[in-house]
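The following pair of complexes shares a single chain, subunit A, combined with subunit B in the former and subunit C in the latter.
After this line comes the complex of A and B, so read on.
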């Protein structure tokens, strides 16, 4: 890595940090101005309410609250749950939920990418045939129908009608009960990856170097596997990052539907009960993931592509 | 020239392409001969069917293209028994074409070296691949031969270049690599599809010389496709002038350059820039080539031809031998014995005489 690359990365890091701070300020204010309060038990007297508010520091001025929050956050302390999970540390709550969401997202991306790539390559190889049309139609359906609709359909068919899959997540059968939500999540990935792969593959198949490779007298299998695939699949890697982040932020409804104790479900429930610290931590985590992913993609883009990677020792 | 041995004989080749707008008859009855160790050039405007003809020889037509009729007879001697064999490429199966012809007996150098190499594969692998594939050579053998080939095509630092990727080389270097790949399986026929068009002028001459040198060393037969008559004059033994999917005039280089008979050839030669033309403007052939979706009635060149006869608009002219020559053939009604005597334009006459005197 040379100096200008390092400088670029440094600049990107600083910009990302500033963006995150601004997001934190906005989130903090938005959460505090939400209608309702975490202390919403109507049986409490005004005196009791004041005691609880003092306990969570809600009686202090807004600015002071923010300073305390940021100070705590920098030491890894995201506060405690005020309502939903009484006094449990938010960091571990969000951490556990994020782990599940991340695994779901990752599984959906891996499964979706493999199936999507295969579908895209298959469509490209049978271009303009009935198979191509079929594969394209499938991916258009996949792109245009939201994943929670798929989740509902799968739920109705496999859980309610055939009764071969459980309707809800259970920690005793984590893998078996995850089949349905992961399948629902991966439909979008399959659709996106297959469309992208098809376009890339067709472009590669029509390229001059494929004609030259054909003129070498190679058979179709060698042509596709050792010449076309690599060139068509490299660009696909670049869209996987954004897809993963989109999945993690887009899982909320699917998580609720299938009762998956993930980040999405936690966020929705915490909003419903005005649990300030959990809302803040979840929303901030989403924002941070997005920004970090953007950062990684920007930096990795130059590392993945050999034309950029190897360009340096030229001349 | 008694011992000339014909290795490629194309007769009455017809090729059409299915497009959204209709059937395009791109090749309309092409006849072509190639003899061992000789060089022929196919000249013509863009879209005249030069590339399509050679792609048909290799069996690499685009998927919407189809050979409607005709034969492409290819003669070779068996590698082991030395037995003479003759096959019609048109009748060969895809698998036979792929295993026997492509890359192995007939190889091709493409137009644009910037895009014709695989960007994610090292030069070494791309040169070694055909030998390892067709002749089952071991990696070491193939590596050794690849090094020799790279040196043959004039690449210095061959060992280092083997590990390079295409983007690390210049255009001229890449074209040398493409030539090395074409030569890797010791083909008998080398097809060069505008091999120098994408290169800058200083490199063009070097690449042409290189191909000629290798041709002599390996006794190759070469087919050049080009629209550059300067290239033709430099390299070809025989010239085929192609227009709208037909060969309108064919002959030795001297016959075409000093005694052209077809008005289209006149046009091409007049449109060639040279240093001592006094005119302010370079001559261009008026009009554009016909759209081959529609059936061509009569001579395809007639609408652009100021010498066209009435019959040109109705009937396709047959092919005539130019009197006194066994090699010079012209498809034009002007060659008919009853046709009015039409001479080539005065300016062109002068120009060709001058060229002849200077022995260009």
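After this line comes the complex of A and C, so read on.
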């Protein structure tokens, strides 16, 4: 790594850190000014209300509240749940939920990328045949239609009609009950990856060095596996960003549909019961994951192909 | 050397055929006509446009000619399966689903189009100013945009809608607020490219003011990118609207949109699957058609970007 690469990484790190801080401030303010209060029991008297507010530190000035929150956060303390799960520490609630969501996301990305690449390469090798048309049509459908529609269809067909998959998550059968949400989530990944792989693969197959390799008399297997595939698959990194973002959006509804106790479900439930601390922690975690993902992809791509970086700095 | 003999099929010609070009005098046509011709060649996109038009026509006219009202509750007509009188049946409140479906489609389309119009106005203005004036203005505007852009759309949408009570207006505002960034990025990139062209320099040399250059020289040359971006944003807006309804931050009762209809249907899909399946089908069809239409437009308006 040369000096300019390090400088670039440093610059990206600083921008990401500032962004994260700004997001934290904005989220904190917005969550505090939201209509509805976590203490919404009408039977409480003013005095009782004051006691509860003092307990959660809501009576202090806003700035002090923020400083306390950030200080606690740095030590891994995200406060306690106010009314959804009475007084449970948010860090463990969010941590447990995030673990499930994260595993689902990871499974969907891995399965989706493998199937997607295979499909894309297959379509490119059989260009303009019926298989190519079929694969392209499938990927257009997969790109256009959001994952929750697939989740609903799988739910209706496999869970309610054929009754071979469970309709809801059960912690006693974590793998069995994760088939449906992971399948629904990976459809988008498969479609995106296969569409992109096909385009890249065709471009590589048409390139001059492939013609040279063919003229050298290499057999088809070497040609495809060690010359074409390697060059076609590197750019797939570029679309991992949008794919992961789609996945994060997708998990929320798929989790709701399949009753998976993940991050998305926790966030939606905490919004419905205005549980400040959980909303804040979940939203912040989403934003942080998003920023870190973008950072990793940018840096990885900056190292693989420095031209991208230059283009970005100018434009 | 003697025993090495070349057979006729030892070598094959590579790259020969594709180098042959046939010279041909093509009559001049306008850019629009060219684009239209290229677009019409793409059968998928043409079918998509026709389907979108049909769905839009039904969304506009079907509720008008229906004898039922989309919000009228009639508990004596609960959960009727599709029949001649209620084409798509009724829901658990006895509301006619044929009317509700088209009314909901109308609202979904309206929300999407309205949000995109606002977002084009904001995004194009922002991108034009940032790209055209450059320098300090540009870098400040870019930093602001970078920060807004790095908050996931969903988090922004959820917080905005918790802040402002969900209604037709607030959903449109929230969607416009999250969608304008893509628009302004494309605009800025295009402006940066176009403003260095010779014809802009020529215009400037002739004494044209910034205002004239922006509206007469730059905008007409970047419109195709904007149209592509708009067509790509519409399915996004429809999706997010449905999505928000699904997580309970959508339109209030008794309004209908594709999202709320799917959500209502989901509550009883085990018993009455048709309540959910019909809006899901229309929703998926719309998403698919808008995507195909967008792809077709991109290939037609900007052939250099065509995917092979």
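We take it that the second predicted complex is superposed on the first by the 293 of 315 C-alpha atoms of A that agree within 3 Å, B and C clash if a C-alpha of one lies under 4 Å from a C-alpha of the other, contacts with A are read in each partner's own complex, and residues count from 1 in each chain.
Going forward, a contact is a pair of C-beta atoms (placed from the backbone, for glycine too) under 8 Å apart; a residue touches a chain by one contact, two chains touch by 3 or more.
Please read these numbers as outputs of a predicted model, since none were measured by experiment.
In the superposition on chain A, A:132 makes contact with neither subunit B nor subunit C. When both complexes are overlaid on chain A, the residue A:53 reaches neither subunit B nor subunit C.
In the superposition on chain A, A:140 contacts subunit C only, with no contact to subunit B. A simple residue count on subunit A separates subunit B from subunit C, and the partner touching more is C. Once the two complexes are laid over each other on the shared chain, residue contacts for A:214 go to subunit B and to subunit C alike. Within the superposed three-chain model, A:256 lies in touch with subunit C and out of touch with subunit B [touch as defined at top].
Using the contact criterion defined above for the overlaid structures, shared-chain residue A:298 touches neither subunit B nor subunit C, since it reaches no partner.
By the document's definition of touching, of the two partners only subunit B reaches A:227; subunit C does not. In the superposition on chain A, the residues of subunit A contacted by subunit B and by subunit C overlap at 211, 214-215. Across the complex, subunit C meets subunit A through its residues 14-15, 44, 146-147, 150-155, 158-159, 162-163, 165, 189, 192, 235, 239, 242-243, 246-249, 262, 266, 269-270, 273, 276-277, 280, 283-284, 287-288, 290-292, 295, 307-308.
Only residues 15-16, 18-19, 22-23, 26-27, 30-31, 33-35, 140-141, 143-146, 148-149, 152-153, 155-156, 160, 199, 202-203, 211, 214-215, 245, 248-249, 252-253, 256-257, 267-268, 271-272, 274, 283, 286-287, 290-291, 294, 315 of subunit A touch subunit C when the two sit together in their complex.
Of all the residues in subunit B, the ones that touch subunit A in their complex are 58, 60, 95, 98-99, 101-104, 107-108, 110, 112, 115-121, 129-130, 133-134, 165, 167-168, 178, 181, 185.
Subunit A contributes residues 207-209, 211-219, 222, 226-227, 230-231, 234, 306-307, 310-311, 313-314 to its touches with subunit B in the complex.
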